[in-house]
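Here the chain labels run A, B, C, D and E in written order, and each chain numbers its own residues starting at 1.
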């Protein structure tokens, strides 16, 4: 009893103590908040930290070290906002990286806009993030509004227009579904042959598959997070829907768990993403090799490539920015970094196409990556293989009303 | 111990002047907190204090139904969600940015309506308590709370997976409560008033009726307490607290709500606060809320490497501490606190009686 | 959507096949409740651990699927007994005897659930893992109306029936089973009968956790195995246990099947995105209007 | 057979027994008398081990059993028959009886004992497939006694066998207890029915407020006016006399 | 007019007829004894009177001229029918003072939400009640334990507190369920004198269930005897004492000790 009291008193004391650690001058402080509970989430976080360490080891940015602080937001908006506040007001960061979940990035956009801190989005595709009109937000991944268009175009031209939709209730998939539906209607004038809104972590799709089976559709769009999508794919075969009906994935199909869990059911699935491991460019091959070795994964998905690109763009911007890095210059430095990121143009990294930003706080300027790759699985399982079907660059204001 | 006693004596002395005096002094003492924090530490701590205040409201409210009245409810977070979402939806602009429902009411109107709606929801959550108790009640309320969350999660009008965003902050004239400091005055006042009312209830016939129901339902009914009425009242009162906390959470900048802020994990956190503070003890809930909020904040970047895998240990520690608390400190910090005060009162009374002719009791 | 009997039949069959799994988990919850008066809020985690034990045995050790099933049941049973011995027993003894449910037990159960999930992160990681089992020796059923029931579901149904029959035989026709029932009804008298009550309590807990593990291993090949899989199953199993009558063992299975059918029909004919709510809805309706459950005999509802 | 030395016991902080000394000699019947809430059930629980001792010692058959668990004490032959309402209502009569022999490993002898119990209480044989919840009060009392016998006890402790039974049935039950004692089992009967118990037993103890108030040979106790004086839960005629004195 | 009257009061649990058509009248300002062997239905009878159990069809209970057959327990309590429990059922965690203040609850003049709306009035009234209750505690001799949780009292003190809690309800009628159980003879005498004083002081009508016949015989004006749920005798103590039906219920056939012994040996 007494002991417990002491323990808690100690906890409180340490809390206050930690809170007083003052930020010191001379470092470029970067705060990262992401979902650290999944294995991939941890790997991205690890990679961002590793890449920053590599920059530091190579002498830093103009001689200044980058001090990165990583926090877990568990993909929960209240925790993400608390992280952002803590990083901004306690750690006095110059730049915020986060978050991996759209539902966390959305509120953080308002936080950074108000506090005047540049924010780089590593992996959130929800189109609304950049539509809020914040001067401070920069999206590295491809916005969901582009994906829908690319998917619709390819599907309508190559597969057919009678498509069944299975849409899970997570933020990204809902957007993917809606965008695809909108584009199919706009381009080909068709409505979904069947549409099922299922729960975010649905496990049983058999009744939907049974219905779809009797409809003779041309293709099935499964928009869901990786594990959920994998289950749906397996169950579509179990229900007896033949291979001639194409399975279309949402952008999460790029994540490794899909082929790993779905196994043979992943074969023939195609989807749009921002990076293909089957990319033949030397830089891509090097990157594949690097992630394979460092993080023990079979092939990096687009989350990895986007995180990598993010660090590179950050490096370019920081190098270009005129930073004072004194206690008094925080506000000025943040603005300088923002402007430096906004002036990055035509960055050719791992991503599908060049990434460019501009100064206006509009989606056209801040959705820097507009090139989606159409990727198909040729083999499922742990050692999955992919092929690049096409590469499409969209107009900046595509998908905006 | 002696120190505690001194403070208690001091408070008694103040209260004998005027009963609101200690509260006013507490309020005045809390007023400069944001300035102290932002001057000597950093302004993030104000944000932390704001969240702690919301949790104080929640914990104190939960204590009414759980601590005073002894009804095992696991659906409190659902009420919090109802309060938050109702107020948000009412105050959002119609056809606004998020694609959610909106009525464009002023915040000062939407908050009271949200509290009323939550109170009504509390009545519904409380209904099973008329027939059920213990584990059955826990299951029923858990079901209701989770249903609320899932319902929000799948209904686009209530935000569904994208969440409700750009919820306006409260404002008076041109002054907007959108900074940490201004919001602090809002939530701190709410929390302090909440604590005060919680004490008012506890120290009235209503509070005694609640506790009698907790201790022995049958004896309570035979003592003339309308058990059903008071049980429902406890649920409604705690729902009012939850509704207020929820509404204040919704309008707190950046004004964003997502259904995963209301999961069972949050409910468990709330339980931990109440247990740590001591069930049935008002200050216990307050202490629990503060301690857990700070501990949670300070341990969130604690990572341990296990088999070359970075592991966020906080949830594990948190779960274990909950189990250990129940096992080894079931009355929590507040229980210990209460014991000290009670001894003090007993000693005081005995001293007064010393030499008196109190008839000795039997056996 | 048009209505036809074939698809209705299909939905019912799907409901039954998933429902039996709910039923097995509910069976364990019911067993613990009737035996120890504990509502075990960490039972979903036992199910999850069971699935992972099975996965490790089948993939990493390489034993055949049925062996993995039995192995996982034994390992999880041991884990369950450990948890009961180290934690729950302390709490129950403090209340005098083995029966003090109430708040402490519920909070302890939740805390245990959180702790176990996060302990599982340490060992198994957060990623979903596929559970591949060679089930070629199981027939694949095809019902009229072109309804396929894959091997894994057939196997689940068979094993569930076997487990239930086994449990029934154990409880009704063996001396130890008799002792378990005696302990479930009244610990003090069981003590006076010379029954080693603490041992029996461990046995009850072990049995219940073993059943949960069986459900985990069975559901592995149908879905993937993931650390967070326990919570939702727990909710469904609670619903099943309550619908069937808390503490009633055949009721648990029937309740599971009812929940399975109910939520499948709801998903098919009302709205698929509200699927999880249907189970809760059933749970709440049953609790409000018939707290003793649809098949239950006795429920601990106040007079 | 059973020796209780200075036993203090209770629940939690509440001490109910305050120094009990008692002997039950081998063979024969001893009765423990007391009203509601005097501590006699607590004493029984302490003897059978359901509650721990705070102080004192219990020696059974020459062995100190103070630290043993209830099931271990039972294996030594110290068997308590619970109150009639504590049969297992959801089990059949035969299952109840088999449960009584739970600790025994000798199957053949157990089976023989089952028949013996049925011979002893023929009504139980008639109802062996019935759930015990459907039996009448007297039958349940026979069932729990039979269940106690199934353990092949050296000593049998009975907790209020006359409770809530019609006078005629009580007589029958007591006659059976007498027969059991004659077959060589030591019997301790805890009772509120003073007169009947003192007629049945050879020796009596009277407990009040957690201490033994009075003890002595049953024949002497039954005619002792002090018993009638002090024992206020007696029969009407006893009390009437007490009032007239 | 009788203060309390039951007609054909019945209650069965499953197949067991716990109370079987009991009709009873209790006159004001009397002490009415209720006796009977263990399990004869005395406690069930109290539970029916106070609304803890609902009686079966055809039963009728009226109190002070008001039909309370189906009234909920709290309504009955508000009408002025208070009781104690055999197992006391004190509010263990609450202080002694709070226990009696809960007893006062039916007479609380402010509504349940008043603490939120009109705190001053609540405090003013509570102060009055508290003083009154402290006086009561003083009277039953528990004043110095006022702040102690009820669970920490000794057995005898708890019995007094249970009594105090019932008295705090300002009842017209008090039902005492085995008030003397577990007390030593001296304490029983004390308790009875306390009860009689209370009766005079608060002008009470009392029904007492008691095992200790001495208590019943010496204090009651009328005694009713229950056996197997039926009323088998009623009247003045002297009459009941001599009623053969009562003797039968308690003793079985009038048999000599020797005959019983012979029957046991058979």
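Following the convention adopted for this analysis, a residue touches a chain if its C-beta (ideal position, glycine included) is under 8 Å from a C-beta of that chain, and two chains touch if they have at least 3 such contacts.
Every value quoted in this text rests on a predicted model; they were computed, and no experiment measured them.
Least step count on the touch graph, chain B to chain D: 2.
Where touching is counted per the definition, the chains common to chain A and chain B are C.
Using the contact threshold fixed earlier, the set of chains in contact with both chain D and chain E is empty.
Comparing mean CA positions across the assembly, the chain most remote from chain E is A. Of all chains, the one whose mean C-alpha position sits at the greatest distance from that of chain B is D. Here the CA centre of chain B is 34 Å from the CA centre of chain C.
Averaged C-alpha coordinates give centres for chain A and chain D that are 75 Å from one another.
Between the Cα centres of chain C and chain D there is a gap of 42 Å.
Remark: chain A and chain C have CA centroids separated by 37 Å (rounded to whole angstrom). Shown for chain D are the residues that touch two or more other chains, of which there are none. Touching of two or more other chains is recorded for residues 37, 42, 169, 197, 199 of chain A. Contact of a single residue of chain C with at least two other chains is seen at positions 121, 125, 271, 273, 276.
Every pair of chains in contact is given here: A-B, A-C, B-C, B-E, C-D, D-E.
Chain contact summary for the complex, chain E toward chain B: residues 50-52, 72-74, 77-78, 82-83, 85, 89-95, 98, 101-106, 108, 110, 112-116, 119, 122-123, 126, 138, 140-149, 154-157, 160, 165, 169, 183-184, 187, 190-191. Across the complex, chain D is touched by residues 96, 175, 178-179, 181-182, 185-186, 188-189, 191-197 of chain C. Across the complex, chain A is touched by residues 1, 7, 10-11, 14, 18, 121, 125-130, 132, 146-148, 150, 222-224, 226, 232, 264, 267-268, 271-273, 275-276 of chain C. Against chain C, in their complex, chain D makes its touches with residues 11-12, 48-50, 69-71, 74-75, 79-80, 82, 86, 88, 90-91, 95, 98-100, 102-103, 147, 151. The touching residues of chain B, counted against chain C in their complex, run 66, 70, 72, 74, 127-128, 131-136, 138-140, 142-144, 146-147, 150-151, 154, 217, 264-265, 267-268, 271-272, 275, 279, 306, 309, 311, 313, 315-316, 318-323, 325-327, 330.
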